[in-house]
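You will see subunit A twice below: alongside subunit B first, and alongside subunit C after that.
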Partner chain A sequence: MTPTLTGPQVLATLIGYVLVYAFIFAFGIRYIYALLREGPTETGLRHAPTTGKRPMMAAGPAETATGTAAAAE
Partner chain B sequence: MWLVHFWAAVIAFAILMYVVLDGYDLGVGILFGTQTNEQHRATMIAAIAPYWDGNETWLILVGAGLFAAFPMVYAIFLPAFYLPVALMLFGIAFRGVAFEFRERSTGMRPVWDQGFFLGSLIIAFVQGAATGAMVQELHVVDGRYAGGGFDWATPFAIFCGIGAVLGYALLGAAWLVLKTEGELRDWAYQRLPWLLRGVVVVLVIVFVFALADHLHVFDRWSTHPLLLVLPLAAALAIIGLVLGIRDRRDGMPFTMAVLAVAFSFLTLAASFWPYMIPYTVTLEDAAAPPQSLEFFFWGGGLVVFPVVLIYTAAVFWIFRGKVLLGYGSTQSHS
Partner chain C sequence: MSLDPLLLSRIQFAFTVSFHIIFPAFTIGLAAWLATMEGMRLATGNPVYRRLFDFWIKIFAVSFGMGVVSGIVMAFQFGTNWSVLAEKTGPIQGPLLGYETFTAFLLEATFLGVMLLGRDRVSPRPYFFACCMVSLGTLFSSFWILANNSWMQVPVGHQIVDGKIVPSDWKTIIAGPVFLVRWLHMLLAAFLTTSMCVIATGAWYLLRDIHRAEGRAMMHWGMGLAAVLIPVQLLMGHLNGKYVVNHQPSKIAAIEARWHDEQPASEVLIAWPDEESRQNPFAITLPPPFGSLIDSDSLSAGEVGLGSIPRQNWPPVAIPFFAFRIMVGMGLVMLAVSWLGNWLRFRGRLETTRWFLWCAFLAFPSGFVAVLTGWITAESAASLGLCSGCCAPPTQ
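Presenting the complex of A and B:
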């Protein structure tokens, strides 16, 4: 094992990973859920040729996809 | 053993590609934090959206290559930089999702934007600081890292971290000049000379400090004066960069900045040679057994490496020219 790596360091980074990923995935799931609720939109169809690594592009901008933007801005 | 040199060359090349490629998109991320106009921010995102994750695969190639071909380097580097590297990975996570999430959210957009900016900043800083700490030499005993978790945090290393932030921002501004037009291009042109001055000041201070501190780096230069041609070429590229800014030739600053980075990297590599962890572990010390190197050669060396090279070139060809809003841009604001 690595002699200089201490327990508290490992614990700190483990907690860090859990927090960072929990935060990111919580919002990721929320955004995907909003996407599913919205269903395909006209903007989405216009954007149809998109790439697999940018799946959210097909949904168009946030304003139309979530329907909450007007209130937030 | 030619395979040791083959893998050292592949990893050195991958590091250089990573620094140049992720350097400019991290730099755009750093500059993004200083840009308040939403339209320009969207264009900045669009200017790197097709490239950034392809660029980051070079870092994965470096990590996997070290793990496979030079496991000792991997085993020394990671414990020496355990906390900063973890911080860098958090930065990469926030930066990666920002591309998608900022478009999905209006209320949370400032959070993702800050994540994008701070993530880019931290990644650049950690890489620069790690390089500085390596130049100052890690505490290695019997092929193992024997220092503490914060040994890297010397004033010299922190200064090198600031240098990397400025250097990446310089690459980013040069990229924006290449890929954008109008107001945003003017904005990037205005920043180029300041960033260049910052980089030159850092380089001079680092050089003087290294000289005053009698770092090992200089031994090689006094015994092999012909190598001075490398930093000289870097200096010429910087002059080309200045001319490119003055004449406002959109392609020139980026080309010259890439050449300056490439020759600076070769300068650093030449000062380390034949050490991989300066100045304790050599290439031969760190290399995996010949059987492993040969095994990786057929898969990693002959297949994965060329494939990464080919798709990097393909992406740059497909998305050549100025940014056309519509790919990865927030349409709602146009």
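Presenting the complex of A and C:
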């Protein structure tokens, strides 16, 4: 173990981890749940809004032939 | 009670590593599933495969992102919490983790870009190739991580020079005596985890009477793979038990809640192991020689009990004891769902047997629970002294 580490430091960072993880992964898991609930639609993977700067747009809501389908909700 | 930085650091690492393993366990299988769907579409031209691919790649993208995010945290913890471990074992763990970056991350990062952005930019065959490369990258990644962890479980191929651990034989370090069975056990666990999620998703759609064609395909593919893999996985689990018996006597004694040396040994199926009285209240026990048979493939082998291991080297007995049993129980759930499901399928009753669809849907966490409890079994009782796994690194 790192010799200079103190109990309060580790406790504080542990609480920090729990809070940050709860925030990030609650969003992630909720989003996956929404995608699973929606299911495979005819729209498929969107490419128009996806750019090298925003690769995660591939998992986002999509333009379809009949309008905009939100992948989430 | 004073705050013990060692205990808290262990809790902290256990928390971050437990969160992390959920995602690789899912994405290793998903990457292979996506490559299979893309290959099937190329081979058959069936549009269902394209819809399945386009659907699961979204799930894959988000899960993969969360896996990367939760994985980076642990690399930092080697510096912040476990710097003495990093200094002492750096000559071995550094290159192993470096090779993971070199082989797996570069491959995954490059071809994940093609997978997410390249559908309309590259032709179908290179696109399929990219899918295969991402899948291969996840396999490489698990290879190096399991090589590293196997070395920590059973350290071999090194010397100690001036208090530092230096490598002497890389072949032995990477492919040590326990590596292969542990890696295959983890890979099969990942494929089974994904199978159970794909089966559950298909069952969910069939129950809701939506996306029937896709739901049916998910159930067929998932149950087909799981039905084949689960017996192999049970055998792999048994072979994993071999290395524990041979190298880690305190761990096997805790898993079996065996308090005294026995020859031949009995086998405790379930109990409430009590460390104080060194007894197993409420035990259901198979008589000798079942314990020897399970642990050593022998009718007469003697098995070590915790009584002949110094008290300070005991793991917390209840944790590996129950974690192991939950893992095996989840394996049996997967066996039941996949085999019963295939039987119903061949009888043509799969989609009308709603109680089974409900069981398949509710079994979605079985893979995750098995992976988590399996790692808890491996790490909570990894007491070897020199280098004892993620949760109990050597202290100074």
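Criterion: the second predicted complex is superposed on the first by the 42 of 73 C-alpha atoms of A that agree within 3 Å, B and C clash if a C-alpha of one lies under 4 Å from a C-alpha of the other, contacts with A are read in each partner's own complex, and residues count from 1 in each chain.
In the analysis below, a contact is a pair of C-beta atoms (placed from the backbone, for glycine too) under 8 Å apart; a residue touches a chain by one contact, two chains touch by 3 or more.
Here the structure is a predicted model, which means the values were calculated and not measured.
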Which of subunit B and subunit C A:13 touches, first, second, both or neither: both
Contact residues of subunit A, present in both the subunit B and the subunit C interface: 2-3, 5-6, 9, 13, 17, 21, 24, 28, 31, 35, 56, 59
Subunit C residues within the subunit A interface of the complex: 2-6, 8-9, 11-12, 15-16, 19, 50-52, 54-55, 57-59, 61-63, 65-66, 69-70, 73, 80-85, 113, 116-117, 119-120, 201, 204-205, 210-211, 214, 393, 395-396
Subunit B residues touching subunit A - in the complex, by the definition given at the top: 49, 53, 75, 78-79, 82-83, 86, 89-90, 93-94, 97, 99-101, 103-108, 144-149, 328, 330-332
Residues of subunit A defined as touching subunit B within the complex: 2-6, 9, 12-13, 16-17, 20-21, 24, 27-28, 31, 34-35, 43, 53-54, 56-57, 59-66, 68-69, 72-73
Touch list for subunit A against partner subunit C, complex: 1-3, 5-11, 13-14, 17-18, 21, 24-25, 28, 31-32, 35-36, 39-42, 44-45, 47, 50-52, 55-56, 58-59, 71
